[in-house]
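The following pair of complexes shares a single chain, subunit A, combined with subunit B in the former and subunit C in the latter.
== the complex of A and B ==
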């Protein structure tokens, strides 16, 4: 018997996977290049969501303009994060880097609470449902999926086709000799931080169409993003990309077969099991 | 072309060089020979500013390198083929070569120099899309030299190009050095393989525990009784 609801949840999982992949990619890029985990990554997404909300709802900036401004703002935030918080502790024990970015997480959450209050806010845009046979899909999700894939593709082009992108990949393989190539590692780190922030801003613009924003929204997808990255092998961008789609299927199909909450439980159980079997990630060499 | 004056350098409290001075004139091939741990690699690392010396100065064509940022040394015409080759293992051969041409002037002449490197090392052209880390040691050495040449250097620093290679390949690497010389590059080469290197350079310095012990024409050094006894086992 053909189960169209199952197919619907598989396709929904695929759509969710696109956004998770985008989220994971930014984090993986930062880790792969700078060797630092941005614990506060999802909070940058939260700031981006607020930026769009604020520009769109209060200042009446058209949505595309608000999105571009938010992406640029979060990219700048990424640069500031690197310059002010990470650079001073670069080269010290890794735990210090975790602690400072963890501190930024609480700082951003508290700052958002002070600035915006704890209310749940949304853009007030009702996105249509797309009907396909007897299946329904959220237009916002489809848009997010396509945009995320385009974003991933553009990043891939940048990393493989340009001098700067090649240097970004090279620096993670041998940091010390980069100056011999005429590359200033500090500049590469700042550019990478800007790209990582920009990807967080892009994810924010896709999520704000689907979810209400509140100061703790980072907690809803921060942990998942980390798990996707760890499952794919931290810093392994292709691994993270694939892991995002696997994870999304567990959440979506698991949620359909049991209940929504069970989808997450199953996904997390799978994650824990994988950590025992392949602690360095699904695609570790 | 290159003047190293009275360099002292080290790592933390460990001192590897004690007041070393050497000179390389345009068009020359100069060797720095000596046993393991003599400070040869440190000397090259000071010249290309991977580490800063405690005292002394390095002049490249009259310019004091203390006033040049580390990542701009390559624009001054100094390319460094580092110890153990240090290719980017998960980049392809051609991407490694592209990294060698990172600075703006080199980018403009990328295509032209790529042709030159592929002509010099046809093997690299065959392997252009292969990941550098999957090649043999000798091929990796070619790629590392090619990467350095992509920056359009006036002076090529080579750190132990024969280390870790099979004897047949070592011979090929020294043939390569000869060809690079013939192309008109000025070369400063650091080697433990004294017998071989003295046959390709014009002059050499003998470095022992961080000080220059002897210097002179390659032929004279090759004939010197001390060197023959201590290093060539004759």
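== the complex of A and C ==
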């Protein structure tokens, strides 16, 4: 029997995978290059969502302008995060770098509560539904999916086709030799943080079209983003990209067959199981 | 003076506190410090060896929910429910810990696996909403008179103070036993270099499993105690990433490597939250979290040993450096 609802949830999972892939991309870039996990990455996305919301709803900035401003703002936030928080602990125990961004998570989440209150806010834009056969898809999700693909492609072009991108990849392969070759690691780290932040801002602009923004929204995206990155192999961008789609299927189809929480539970259990089978990620050599 | 004498005096002084006739509010603060001090100690007993868990909320949640569900649903006394919950937690720790340690999942990876575990437990609690009340939380069914040893419910706060004091002291004692055992040296060696530790005959996997299961069981007890005291539990307050990070923060603030560090962390965070609440009131949401976050960042950058660790380091430096000769 052909189950069009199941097909619908599979395709929706595919679209969700695009968003997750975009979320994971920035985090993976940061980890691959600087060797630091930004536990507060999803909170940067949340800040980006608020930035778009305020610019668009309160100051009447047209949506494209608001999106560009938000991407720039979150990129700047990424640079600040690196300069003020990560740089002082770069030489210390690796786990300190993880925990220090945990502090930033607390801070950003609480500061957003302080500044914006705990209300759920949305842009008030009704995105059209796309009808295909007897299945319905959200236009916002399709847009997110396409943007994610384009974003991944652009980042890949940047990393492989430009001098700066090559320097970034080189420093992620050997952070002792590259300074001797005339690459300034501090500058590369700052640029990487800016790109990673910009990626978070881009993800924010796509998420804000689909979801209400509230201070705790980072907690609902954060864990799943880390799982995607770790399962793909931290720092392995292609791995993270594929893992995002696998995860999204678990959430979407599991959520369709049972309940939405169970979709997540299955996805997390799958993650824990995968850690034992391939501890260094799905595509480790 | 002998440390043992000092300890005895300290315990006697603590035990005498309820006799001072403190109000319910101050007694409540003390009980809260004792319960959380115990939970934080349970985390640090393992965290001090470089095994940073971001998912201790999982064990806390199991402790609170399994005990309460057995009591509410089947009328099983917490005296039996707590051991059952501890067994569940230890089984969970074994299931996740064994492959983790066997395959050398350490550092970032270990932290993220435990983070996933914490989320699994939180979402399971929400998902089982027919039995747990989902995100709304659940109330522990009270006994009619309000006090029952069998139900571990005490109307009088002073009685509960002694229960919490006893558990907290047991936690400190366990910390000391681990501190003086071979296990400590084995784990310290493993946290420096697993290969070298294994080459001198340390069974790294077993040593790590023992400490993880001990920590899990203790945290479970803490969660159950919290449920028995508050009589209301909620998936957000006993499991998930928020509470797990709160545990880590308090321990780091207090001091990860000292016996009393976690308890000092509990005092510090509670005082901070209460001071802010008293001076600014309930209306300003998020103020305490904002300050926590900034403090956590500052602590890790400038005082990675925490309050107690820095004091001890300061004292020993003063002792080690002889006073400069007068010119």
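Convention: the second predicted complex is superposed on the first by the 285 of 285 C-alpha atoms of A that agree within 3 Å, B and C clash if a C-alpha of one lies under 4 Å from a C-alpha of the other, contacts with A are read in each partner's own complex, and residues count from 1 in each chain.
Quick note on the criterion: a contact is a pair of C-beta atoms (placed from the backbone, for glycine too) under 8 Å apart; a residue touches a chain by one contact, two chains touch by 3 or more.
These figures come from a predicted structure and were not determined experimentally.
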> Thinking of the overlay built on chain A, is A:184 touched by subunit B (first), by subunit C (second), by both, or by neither?
Replying inline: first
> Does the superposition put A:207 against subunit B (first), subunit C (second), both, or neither?
Replying inline: neither
>> By the touch definition at the top of the document, which applies to A:174: first (subunit B), second (subunit C), both, or neither?
In response: first
> Which of the two partners, first being subunit B and second being subunit C, lies in contact with A:107: first, second, both, or neither?
Replying inline: second
> When the two structures are overlaid on chain A, which partner does A:99 contact: first (subunit B), second (subunit C), both, or neither?
Replying inline: second
> Does subunit B (first) or subunit C (second) touch A:248, or do both, or does neither?
Replying inline: neither
>> If we overlay the two complexes on their shared chain A, which of subunit B and subunit C does A:166 touch? Say first, second, both or neither.
In response: first
> In the superposed model, does subunit B or subunit C contact more residues of subunit A?
Replying inline: C
> In their complex, what parts of subunit B are in touch with subunit A?
Replying inline: 48-50, 69-75, 79-80, 82, 86, 88-91, 95, 98-103, 106-107, 147, 151
>> Touching residues of subunit C toward subunit A in the complex: what are they?
In response: 50, 52, 54, 96, 99-100, 103-105, 107-109, 111-113, 115-117, 119-120, 123-124, 126-127, 240-242, 245, 248-249, 252, 284-290, 292-297, 299-301, 304
>> Per the contact definition, I'd like the list of subunit A residues that touch subunit C in the complex.
In response: 37, 85, 88-89, 92-96, 98-100, 102-114, 117-118, 215, 219, 222-223, 226-227, 230, 234, 259, 261-262, 264-265, 268-269, 271-272, 275-276, 279
> Along subunit A, where are the residues that touch subunit B in the complex?
Replying inline: 163, 166-167, 169-170, 173-174, 176-185
